[in-house]
Every structure is written in structure tokens, then in C-alpha cells.
Amino acid sequence: MEVDVLGIKFKNPIVIASGPGGNGRELNEFIDLSKLGGFTTKTITFKPKIGNPPPRIINIDNGVINSIGLENSGFDSFLNDDLPFLNELNTNVIASIGGYNVEEFCYMIKNLNNTNIKIIELNLSCPNVDKGGDTILNDLEETKKIVKQASKISQKPLFVKLGIECNLEELAKIVLENGADGLTLINAPKGTKVNLDKNNPVELSRGFGGVSGPIIKPLALSCIYRVKKIFPDVSIIGMGGVVSKADVLEFLKVGATLVGIGYGVMMDPQLPINIIDDL
Amino acid sequence: MELVKVIEKKVIKDYFVLTVETNKTFNSKPGQFFMLNLLDSLNLPKPFSVMDEKGNYLSFLIKIVGSFTEKISSLKYGDSLLIRGPYGVPIINKIDLTKKYILLGGGCGSAPLIYFSKEYPQLVKDTLFSFKEVYIQSILPKLTLFIDDIMGMTPVEFLSQNQEKLENSGAILCGSKGLLNSFFDTFPNMKNRSYVSLEENMGCGSGLCKGCPVQTVAGVKMVCKDGPIFKANEVNLEWK
Amino acid sequence: MEVDVLGIKFKNPIVIASGPGGNGRELNEFIDLSKLGGFTTKTITFKPKIGNPPPRIINIDNGVINSIGLENSGFDSFLNDDLPFLNELNTNVIASIGGYNVEEFCYMIKNLNNTNIKIIELNLSCPNVDKGGDTILNDLEETKKIVKQASKISQKPLFVKLGIECNLEELAKIVLENGADGLTLINAPKGTKVNLDKNNPVELSRGFGGVSGPIIKPLALSCIYRVKKIFPDVSIIGMGGVVSKADVLEFLKVGATLVGIGYGVMMDPQLPINIIDDL
Amino acid sequence: MELVKVIEKKVIKDYFVLTVETNKTFNSKPGQFFMLNLLDSLNLPKPFSVMDEKGNYLSFLIKIVGSFTEKISSLKYGDSLLIRGPYGVPIINKIDLTKKYILLGGGCGSAPLIYFSKEYPQLVKDTLFSFKEVYIQSILPKLTLFIDDIMGMTPVEFLSQNQEKLENSGAILCGSKGLLNSFFDTFPNMKNRSYVSLEENMGCGSGLCKGCPVQTVAGVKMVCKDGPIFKANEVNLEWK
């Protein structure tokens, strides 16, 4: 099931979504990453981020609420410590980057231009940091500026990752008109769990986190369907609750070009390979 | 994940011992845990420490606290479930092997310590597998348990009255944050001779998702991969 | 559990959400509506609407996707045929209205001023009509204009119903600053179901519908929590997957003043009364 | 909803007859249906026509087509489920009582017609409870069924060869849209002497949610409340 995305060959449509697979080293101990269509890094930020305090994981029916807070050791450490490992893999690496302003994004993109990574994904939709993409999207002018500047500099195809807590159709239009080559849909929508038995009944220190897993599948499918209706030719990395071959086919059916798996890796690191073997 | 079969289940009120038959030998070590899930579940699997592994049999000691533990408690002989593991660093890989240890477990926290005492009796000075209620004895009949309701005190109160037990020895603790805090509040100088096994809500359980952080002197570590056992004076349990 | 909302007494916090309870006549054959804190009408539009063709209901795990399309017999018919019945009830009636422009809203509000209804709810978030509230929200200026004008004319407390496919915090600010007295959160977010066995695998003629039921509860709770954090004093009618007493308490805990039940009525018309008896 | 108990379940491949014991008499009439749900389910209940009601026993004929029907098919004797109803207009309230009728059921669509023929034999000219496969006979042993695989034709083809059966009589049809369309394509002039029982995806099942529309000469009506039985020439089955 080879797929061609903007001239890049993916040996199958399955990619690991940003986050749950870390930067690959740990996951590679469980599965052979080279069997994947692609691997997305955990979102890299310019400076290191310590992430949110525990708890970061709240189980819900058919899904999870996470509040990781983009823990990562920063862009320079990524280049030095993680990229050499990723370069060795025989799979397409997608670099997910997050930032607070146009300068940070541009610095990272410039440096990624000289690497082997195949696609750059701007994470403008992380639900778990107080400032960052999530708030950039609320400012349409800032969004335009960042995407325009990023696409000007980037020598790699540029994807923008959006969530559902925005006017999706309008934002998709804005980012595509300003030079994005594709969209990643969807990031985890904001969710809250209340545990009435606890002294502090609203779980998670920020009061909410991002919801992943099969519980968001109907929402994810509709986002892709709606965007694809307006932009029939756009390449989309679709994700949200994919845990089976049937799920993959459903995402392809509504118009995804590649299909990301996040939660599914947490259920069972072997799951993406089982699906690929079955496609 | 691997399919395993329920071979024995001993339930008493909110506790049960679950023994499953596996298709292979996992060679798990005390302190390690498995992620368990039900067939056809779309939920994440959940972590449980090994209480014993013998050939193709794995045993867990589980407390019913919510919907998942409720559901596995109602599995019957011959029913299947899914497991993956073992995960986490074996206790034996972390501790100072020149010392002997008091093993202090609270509730299900006793599970890995029960396994430890069986595998490494030479490293054990004494054990306090503590539970509040008497009834637990009926499903762990071969073990000497510390029952708060019988002793009329908590294990930490007992140790205050028997401080000689702690002399020249380390401690390995596994239980609620309340238990750990009460122990170190009472015996602050034990901190640099002790190890704690931590619990944290887990996502992947296998070091991928950054879901189970603990602040340590060497930065943020993952309980599932770098722990669950840590040196007591190297972790900050108050990060919030 | 009496509740006071902007000076109006509700005998308990339970209201029927707009839609699944129709305009009350049918539901009143199953339960005594007078036991409810309140009853919200199905959204009324200026002109009659025939609604969407079948299927309108797609079952999903822990929820439903609906594509009713605001079937209703129009505002005048509401005044003549439904309101007299609702007036007889010993419960607070909330009139949900939907429209395409400021004139339609104003006409309806003027006429509702002379009735016994207690609250007017502007449905600006129906996922199932091509034009209407959903698209009004995409135009912040139009939203401002409608809310400002509506609140000027309305002699009843004015609530605005929002969904999650918008920048919720920003929109909440806009509608409250322009005179809304409260918010209803949340309307059904857009969802798609794909049935690979069918010739036409994307279910529903519009390709998506609105998702209701327990599957959206974490999202609904987070919307209320986030808005309440910014506007601690605002009155909120919270809803989204409430099917038990515990659910009601969770919604109250994150800051809802009243709690709406929609899907729960479809599961079992008796459910709201069972919950009230248990509170 | 009312709690009922499974009293009998006869399964053959993808069909089963489910009989439940109820705590009260519902006095359901042929053509009416109940909404069924599993205990502790967070899904909506689903509609099933009554095939028989006798005292405190209700019977349904169910085809396994998806996850809900799969799950109820695996309930055992004594298991509980939830029902509410009866809903819908009894066939007897809608039809012209001066006529006699051919009852044409397709698959589970036969259920309400089986009940009808038992309650109102005087209104029945003939019955065609049609199923594709032979095996269905083993769970409906007392009935004369029309088995496509035995007859080597569909019931509509059979009627074309035996048109006298339709002379001076009405028809009551219950089955897939395909069956209804093929019947009226073949016998267009039956449209004003026939009644059709419609199926539509249901939400509330009880006239509240506007979820189950059908276009009629008198405007949009709800299948659950105004039907499921309608006069054939008054509904537009092609509304899309």
C-alpha cells in the first residue's frame, strides 16, 4: 500500500502520531520502526520544556486525557541526540515543532532544512501549554504570519496540525493560502474528568487536558471530511482513535492521505505493525 | 499483547489474587510489572506488579478500586486476558547489595516485596507486608502479614516502638504516598538508606509517552521505565 | 435542590435540553414535565423547516450522531400551537430560537417578550443546517451585532448556546460583553461515521451530524470549566452526555448552574425524573 | 425502562427468537414495537417488533446484523435486559377493516405479521412469511413459511405467478425497501389497497426527537409514532 505524498514515497500509509511514540528510541525496542510509513517526532520546542507535573494521564472510557505539556529537551538536543538515531531508520521522519513566535519556528525550520527529515509539521494546536500554538491560532494575523514565513523558509513540505476548538474550515483556508502544503488533523481536543470522590474533584492541575483515543474518532473523521470537501486535493495526515485496520480504511475513505496512530501505540506498541501486516 | 488464561482467582471482599497461565516464560524480576487489559477493550491497559512468577504462571495481588479492577475481578477460570511486559527496573538492579533490608509494603504495594523476599531471602532483614484488615489473610495464607487491626497500630508506629529493626539496615518501601511520607517523617535519617517504589497513573507503561513523571535529582524521570523503584533521597514526591 | 438563576427560581437544576424533548407534548405523555426545573423548546426558526431527509440518527458507541436539521413548524405555529400547552406547565420554559439574520431573531424575541417563557436561548451552534447560527459564529462582527441587538430588545434573560468548533473563550467573551446574560454549553460537536460495508460509506447525506451522549461528556465538562475560569460569575446551562445523578453533580462541580439532558431523554424518557427523585 | 428476564432463546445462525418474562402485561398490539437495551449500556435502545405477547411473555424475532443484536443474542436464560414500549400505531387502527389482506413479510419483517395473523385470522387472506434460507424453520417450527431457497423464487415472483391471490384483497407489507419496491413495481395498482410497515433508524423510538422521518401526503411524519404502518400510497420512500 505505497503512498505518494507531495513526491515523497511512504511504504504504507501508517505513521506514528506526534507524542505517544516519543522520539523513537524507546519504541524501536518494541517494534522495527523501519516497517512504518513514517514516524513523527514528539513536538520539539526551541528551548527544553520540563512538562507538567503529575498526574499527566487520566483514563476515560475508550480514551485518555493527557497533560504532558510538551516535555522535551529542546531543539539543539534533538539535533544532537535524537536526529542521528532517526536518520538511521529506513522510514520517513516527520519533525513536529512547536513555538511561541515566528523567530523560534524559523530558527528550527532553517536547521531542519539541512537534515534528512521528510516533512515539517507545525504543531499549532497543543492543548497542554498555556502559551504556544493553541493561543497562536486564536490570533489569525499571527497564524498567517507564522505560516507564511515558515513556508517561505522551509525546503521541506510543511504541514500544519490543527485541532477542533477553532473554526476549522476558516483556519484551514488561512494556512493553506499562506503556503502550508498539507494539514495534520486532529490534535487532541480539550477534555475534563471530574472525580467526585476526590478532595480536588477536577482532575489534572490545569483542569483539562487533551483527549485521545477511539472516543474522538467521530470528531476526527468529520474534521477531515469537512476540510477535504472544501480542499479536495490537499494532503492530510489523519488521526484520532485509530486502533484497527478498519479504522485506517475509514480515515482513508474520508480523505486522509496518511493515517497517524498515537493512542494505539500506548494501548500496544505492536499495534501499528499488526495493522500494517494486515493491510 | 499476549493472551493469557485465568487459572486461579481467590477473592476476599475488595482484594483478590489472580494467577494466569502464559504461553511463555517472561522471566520477570521482583519490582517489575505488567500491563493488563481485557479482550476487545478500547481502554488503555493498566499496570500491576508481579507477586510471583513460576514457570508459565504469573500471580498478581489486586485491589478493586475502580471499573477495570472490578471487571478483572469478575473473570472466571479459563477466561482470557491480555498482558504485556515485564516493564520497569528490577529492584535488584538498583539497590546496594551489601545491605540487608526491611521490606515495608502497604496493601497491594506488598506484592513486589513478597516476590522479592521469596527470590532474595539473603537480602531481607525483616518484612512488614501490612494491610488494614484481617480478612486479607484468607487469600495470602502462607505469608506472615502485618495487620493493623490486629496490632492496633500502623506499621510505622510499630517500627517506632521497635527501632532496632532499622539499625544498620536499609528499607524498601512500596505503598501509598501517605505511607511513604509517614515513614520518612518518622525516620528522616532512613532517607539515604532506603528505596521507594512509586505509583503514577500510566499511559503506555513502557517509557514511550512521558505520561508518568517523577522529579529526581537527575531531572524528570519516568516511573514506568526508570522506576518504579528509586532511591528515596533522589526523588521529590511533592512535585505538583 | 432549588436553584436561582438571575432571579428566576428553578425547583431543581434539571432542564430538558433543546431538541430531544420536542416541544413537550409528546414527552409529557411519559413524564410530568412540571417536576422539571425547566424545559427547553426544540429550536424554533422564523419560517417552518422540513428538516433533513432520513437517516437522521446514526448510533455510535456511547452516543448518537443526529442530523435532524431543525425540523419545526415555524415561529407563528409555535406561538399558536405549542406555547399555550407549555404555559400550562408548572415549570420554567426556555425558548430556543435559531435564525439567519438579526431581523429574524428580533422578530421572535419581541413576540416572546409578551409570553410567560422565562429565558430566551439563541442557538448559534446547530451543526445540522447549512446556513444559520453555525455560520453566524464564524463571522464575529455578525455575532456581535445579533447578540447586541437581541439583548437590547429582550426583556427576558438571554442565553447564547455555543459549541466547541469555535474559539470558545473568545466567543464567550464577545457574547457576554455584548449583553448575553448566560451561556448554554455545549451543542453537539460535528461527527462522522463511516460504514465500510455500505456503497455510500460516509453515513448521513451531509457527511456529518452532531454528536451527543456520554461520548462528549469530557469535552463538555472542559468547555464549562474553561469558560467559568474566565467568567466565574456567569450562569451556565451545562449539557453533554448527562445520564446519571453523578453526571449532574460533575457538571455542577465544574460550574454549571443548570444541567440539561438531551440524549438521556432519548435513552429513557423517564431518566430526568429518576435523577430528580435521586438528587 | 422495565427490567425483563430472558426465558427462552432459540438461535439458528444469524436469527433468533427471544422470549422475555415481564412484570406486567403490556397489551401490545400487532405492529407495535419495543425499545430494547442492555443493562448498564450508555447506548440508545433499539426497536424490535413484537412477534407475540401472551400474559407476561413477549417474543421477538431478531436478526443478528451488528453489535447490539450480537450482544442480545448471547444473553442466557435468566439474564436481564431493559425494555420500554409498546410504541407505534397498531396495524388494526390503520387498516380498512372491510378488506382481507395478504401478509407479506421479509425476514424479521415477518414478526409483526405473524402476530397479526394470530390475533386477527378473520382479516387474513393469505400469508407469505418469507425468508431466504431453509434453516429458519427450525426456530419457527409451527409456522408455514415461504422459503426462497425451497421455492426457487422470491415471494414477489411467486405472487406474479399466482396473481389471483391479490384479487379483491389488500396487502400488508413489512420488510426491506427492496422488497416493498419490487412488490409495487410488479403490482402498481396494489398501492392504494396496501399498507407498508416502515423501518427507519430510531433515536427515542417514542415520537420525541424527530429522528425517524418519512415524507407523506400530509407532510413529514415520524415512523415511530405515526407509523410504523402507513398507507402505501401516502408515503414517499424515495426522500433522500
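All chains are identified by letter, namely A, B, C and D, in their written order; residue positions are counted from 1 within each chain.
Keep in mind that, in the parts below, a contact is a pair of C-beta atoms (placed from the backbone, for glycine too) under 8 Å apart; a residue touches a chain by one contact, two chains touch by 3 or more.
Chains and their UniProt names: A, C = Dihydroorotate dehydrogenase; B, D = 2-polyprenylphenol 6-hydroxylase.
Remember, predicted model here, so these are calculated numbers, not experimental data.
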Geometric centre distance via CA averages, chain C (Dihydroorotate dehydrogenase)-chain A (Dihydroorotate dehydrogenase), whole Å:
33
Averaging over Cα atoms per chain, report the distance between chain A (Dihydroorotate dehydrogenase) and chain D in Å.
48
How many angstrom lie between the CA centroids of chain C (Dihydroorotate dehydrogenase) and chain D, rounded to a whole number?
35
Between chain B and chain D, centroid-to-centroid distance (C-alpha), Å
57
Going through chain A (Dihydroorotate dehydrogenase) residue by residue, note those that touch at least 2 other chains and give them in order.
61-63, 214
What pattern do the touching chains form: line, ring, star, complete or other?
line
All touching chain pairs, where touch follows the definition stated at the start:
A-B, A-C, C-D
So in the complex, which bits of chain C (Dihydroorotate dehydrogenase) are touching chain D?
19-22, 26-27, 30, 42, 50-51, 53-59, 61-64, 66, 68, 71, 205, 213-214, 243, 263, 265-270
Mind pulling up the chain B residues that touch chain A (Dihydroorotate dehydrogenase) in the complex?
1, 37, 42-46, 68, 84, 200-204, 206-215, 220, 225, 239-240
Within the complex, chain C (Dihydroorotate dehydrogenase) is touched by chain A (Dihydroorotate dehydrogenase) residues 60-63, 65, 137-138, 164-170, 189-194, 196, 201-202, 207-208, 211, 214-215, 218-219, 221-223, 225-226, 229, 246, 249-250, 253-254
